[in-house]
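Going by the order they are written in, the chains are A, B, C and D; count residues from 1 in each one.
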């Protein structure tokens, strides 16, 4: 999962890209970078770490130009290394090209082998570099045709923001796995992974870039084409469940309201008698509100979040364990003691964190812990850009709900069913990819081929 | 406002102090330090910045010893400078003494002048250093008597944690302005500013250190004395309203539940007809729950917090203003558009942030913005440890509620009354200091003397 | 000018490469890097700055393996940028290849255009990358043939150290512009730019890599081939005059003794009556000894070097100029006052530094300043790896010796003649490139083509 | 041994202090600091490391004011810790006082105990802080009288530069152990440890501050007093032998010329038949010139210094030893092989470095190594500011010259005699302290009291 952002036609392009990435930081904490074009020259600044660590005031001041693209990375393919930081910028035959990519290209290895066979040298282990080489290897001709031709060789999930000299390019794969939206700030055009990036810079949401659409933005305006064969949409349902920010609209609809619906359906599907509803903050907040409103059980904040918990917390001693979990959320004894509570989780991946949390709730004297999860069990890996652990580590891939319930130590555990999940969605059911729940992959049914791409 | 923490009798003393300070980080973000004693040698590590920035894994590993005290600072007196970082450690006549202080000593300047007259050299501009010099200047004799004798010359607010060679000392001024509690972790004793620090390290809350109490903790156990003339308590009510963490118990009671009561009384005192209740997260969350439950207006999260906002956010351009406010909280258009909403604030200091926030709410199409504040107007400076801006900058010190309402641009504004605030408290009314609301200072009625202490 | 170093067959390969680069630091202060191969995996560490700044103890500890190559850079082509730091490492068709280059490839731009035309993407602006792409673009086959075939397309000066999987490769262009020697340390083979690198690690000098020779060093020993058409040698005479360390042997002979000979010939060619001979330390030391011995004028240290002068000296104020020169060398008034002195310079480039120095000598009361230079006037740019300023900035390219003498403010100025310079050399006269003195370039007579290579 | 510098009356005071310290860097590499006074406010910047590391361009720009004092430290008393960095700056009764000290106060411990008994808190472990407390403890009155009264209680070696509000103060103990000179740059006054600091900033040498003299420099000019009882001078002879820079004049005479005299006397006292004279650069250079001129044996540079060797060199592996010595100086085989050589050392402390060096000379085939040392054997510790190792570690304190010769592995070893050392000096014999050679201490004959001062 990654953040992407592009802007054309604003004198503070790099600064607005910085703000856009800041708003999209949740989509990737590993590295950040911005390429900005000034006159005929492109400059890049990138580094490992959060946007706020990578960019200092001085750095931003030095990044002049009206066209910028930015990226934050949450590694999917390619090892975690400084050479893999995006955007990927290169000079080629007097052109300057930069690419920022969100998604995962499933035929990257095969394409790379073919390109190396013709003498290309790869600098990174990222699937994204393959796109760069395809473009570089195109016959001379119209760059639009070269880009479209290159993308037509690529299979998988991609939302892309590119700079080709003084043109800003946006593209979304025909299945539309990942979101990408278009905004305007006065005369400037913006491309962003989620609408919260538009909100922060005060830009107006115009529309989504559609699945299979490629846009070229330049001084004469925006050209949009849909050059690829049409495909049924497969938008990632997990963006609604967990990944996107609640204040964003993705695929055209608000995330918070969708999550509240998940909570309402969950309350209807698995009702129970309890003293209070409690979210696991902050990811469970929206569904918990929906659950509380539907069930009429009072909502309480029984777990308090420590706002200072970031990447730098040190587990200071092995003799006293579990600090990393405990330091994030502290239960309030006086609220919870002797109560029957429903804990709302957005999803369960490995189950280890939830298990420790249940223990801390028991320790303050909770009488009954019931857990309700606002999506079905996660059973299959994602080949389209979400960095789940391997299938072996997904607790629901190997264990029944009963066994998971025992492992977590709860009094009851219920997941939202696949049907009710889809009923909670603001879009038609068949437009979503739900492969992580049901294994129904639109591409690459042979999982052996899909796995372990590039390294 | 500062965090203080002390521990005696645990082999991981420095690491537990680190965790304790981590839990208390909200009480001071400017600097952090830990003194640890190993055998006959004390070591200190301190620096400007957050606990997690100041202490690296390697640093903690090097801090051996079973007695440690720690501090984080949120400057009250003394300029913001690296020489003022606490704990204040010094060698004196073969003794090693370290002090960590939360509060404010109002006769510090007079004491300092007298001590300099006798030849003492001051290294810092902190009021805390005065205590050190008083102890150093004591006649030879029992150190307990010296400490008590020194504290009896000091006027103002103090919760103290000290190391005197191999003894851990805790003290709270006779008025009990600031909280200080005692915990145990197996055989180890702990002193902490709030109970959330005990929770994180898995320690058991034993009791509060009482106003006017001094405790000496050493290898034979704990000695407690109350050597000072008795005074009526003046516990800081603002700790309940804003400063303490909701998961802490202070002055013996839970903060979250107290804030919910403030919200309930607010709903009763200033009822209104609206579509939804919305907290300003996270400080307004607890009161908003109380308000929603009492008023039966549905609670919604209309403002979403960006979790990455820390100290390092850069306002990248002057041409586009107000980012620092906007980046923290983003309103959700689809939730708020066309609605009549009640916004719950814990308190209003300058009003400037609230004003920008109201603007962003109007911008997404809110129909009516009503603001309810869970305490009375802040009108007077604090001389007892809270770092309010100068009285001139407190909006309520100079303007009527009507004028504030206009300034904020809300449809209505109501504060909780002083009486109802006190009615919401879990302790008798006359045990609180409410001077910031009513100017009723227990010490130092002549504000000219009080002001501008030390620099 | 750059430092190169390679080692095969020693368990401390990276540490010895570090030491080798340390000894060769004078050949390039801008950046440093080491690639080390461990099993089937190569690791690189590189950075801007001195070897001692780029490599920390921890870094070296982490660089395991028995084959390493290293480089320090003193930019000749390619802008001064972190992307241009060598060695250049890349993965290609399951092979790992790394290159460290000293010299300058004069047909780099043409080769690059051709390679880009076939779809190659360049990551740097260095001529060295061209070699990498030539190798990558070779047909499958024996890597030895591919390397030789690639080098045969390259024109210019190169001494190269390469890693091709588990083989260490060394190469020197047919003209032999730059030095490269072979050493052994027990069973390990070493390639180094100068012998002082062998001395530091205690290795034995075996022989020079000959002009036009390519060596492949692997677990079965060393294979040497001379695959290129034979050419007359053109070894850089300026290495003897200035660049190499006096304790090194290059082109098979000692540098210090050669410089003493230059000084002796200078004394014979331009004798004079004076009170003392004084070198400009340390570059003039060797020639000054020769001059003093030949002329029987006593040697004195009249200029004292400040050992702390490095890259980080700050010129603190514009109102007081010339500190950067003065801080390096301070004249001793009591030694120089009232004396007639001969100052020995190794060479004069721009003349600005010498001029300031003469001023400081006058200021302490020197009676007569005579300058003797141990080489002829520098009049032409170097296209073979020495980073002289542009021809316009070479003082002797635009002014007569008479005018230079006036500019410097000396009582007399004499350069060593071209003939006597060659007579001082330990090798036949026709084996040297003296183009910087006489413009006699073996390649690229059309200077317009030569200039401004790549950027 | 430390560097001290003071300047009054120049608008670039801090920048000139920076340059002065840069010139005096050899007197202390551990830490550096500058205090500058601007209007009524003094600012300090200090840190561990070299002057060039501690001060960045930005830092200097921020240090405005016309009065500055600076210090670099080479720890003598007080542990190596950031709290001990000088100048020591403190506020006291509305005065701002700063002290920079070179020397060693032998009654510091007793004074400190007495001051602590009266309630003073010490912040450092430096003897210098004692002077600060003595001044602070003075009765109110004229600050000149207070400073003189405080210094009259102090025993030992001190050259001091102080700031007392807007007055620059200089002082030198009655024995005159350490140098201190006065210069002028236009209207500005300068105090510096050695004259090379005056040279760098272009200041004129006026005179030495005399033993027992105190000077007060202020807007009305310079007042000089000699308030202490007269004592016979005891100027440190080791400053001439090793410590001062050759381009400095100390105690009124040039160091280089004095060292040449030491070399001449050495050649006369211990003549021998050899092929060449070789200094250990750079500390042996001056004496070697004198030796060569007197003996008529040719001087050669057989050991070449690596200019990049600083504090940061890493000994990368334990399996290959002695790099720290070898990396500094590399012998030239072609110069030394088969030769009988005289090596000139300024002094021998532990002997371990010399021993390794002799080994490296043998390894390149030197036929005979004779060592001549330009001072007598070092047998006694220094209590007056030079940081020799403990007496046990001084090789000559425990071994005969014969045994040392064997240990070093030389063919012959001769030291200059005490008489000839004194005959080489430019000042009367009885004005020097020679205690490190003969144990003849002017103060503190009971070494037990002297030793281990403060810690």
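Worth a mention:
The rule is short, and it goes like this: a residue touches a chain if its C-beta (ideal position, glycine included) is under 8 Å from a C-beta of that chain, and two chains touch if they have at least 3 such contacts.
Just so we're clear, the structure is a prediction, and the values are computed from it rather than from any experiment.
Graph distance from chain A to chain D, where chains that touch are one step apart, equals 2. Chains that touch both chain C and chain D are absent from this assembly.
Most remote from chain B, judged by the distance between CA-atom centroids, is C. Centroids built from CA atoms put chain D at 51 Å from chain B.
Averaged C-alpha coordinates give centres for chain A and chain B that are 37 Å from one another. For this pair, chain B with chain C, the centres built from the Cα atoms lie 63 Å apart. The residues of chain C never reach two or more other chains; the list is empty.
Applying the touch definition to every pair of chains gives A-B, A-C, B-D, C-D.
Against chain A, the residues of chain C that register as touching in their complex are 90-93, 115-123, 132-133, 136-138. Contact residues of chain A toward chain B in the complex are 12, 14-16, 18-19, 22-23, 25-26, 50-53, 55-57, 60, 196, 199-202, 245-247, 249, 254, 256-257, 282, 285-286, 289, 293, 298-301, 304-308, 310, 312-314, 316-317, 319-320, 323, 326-327, 330-335.
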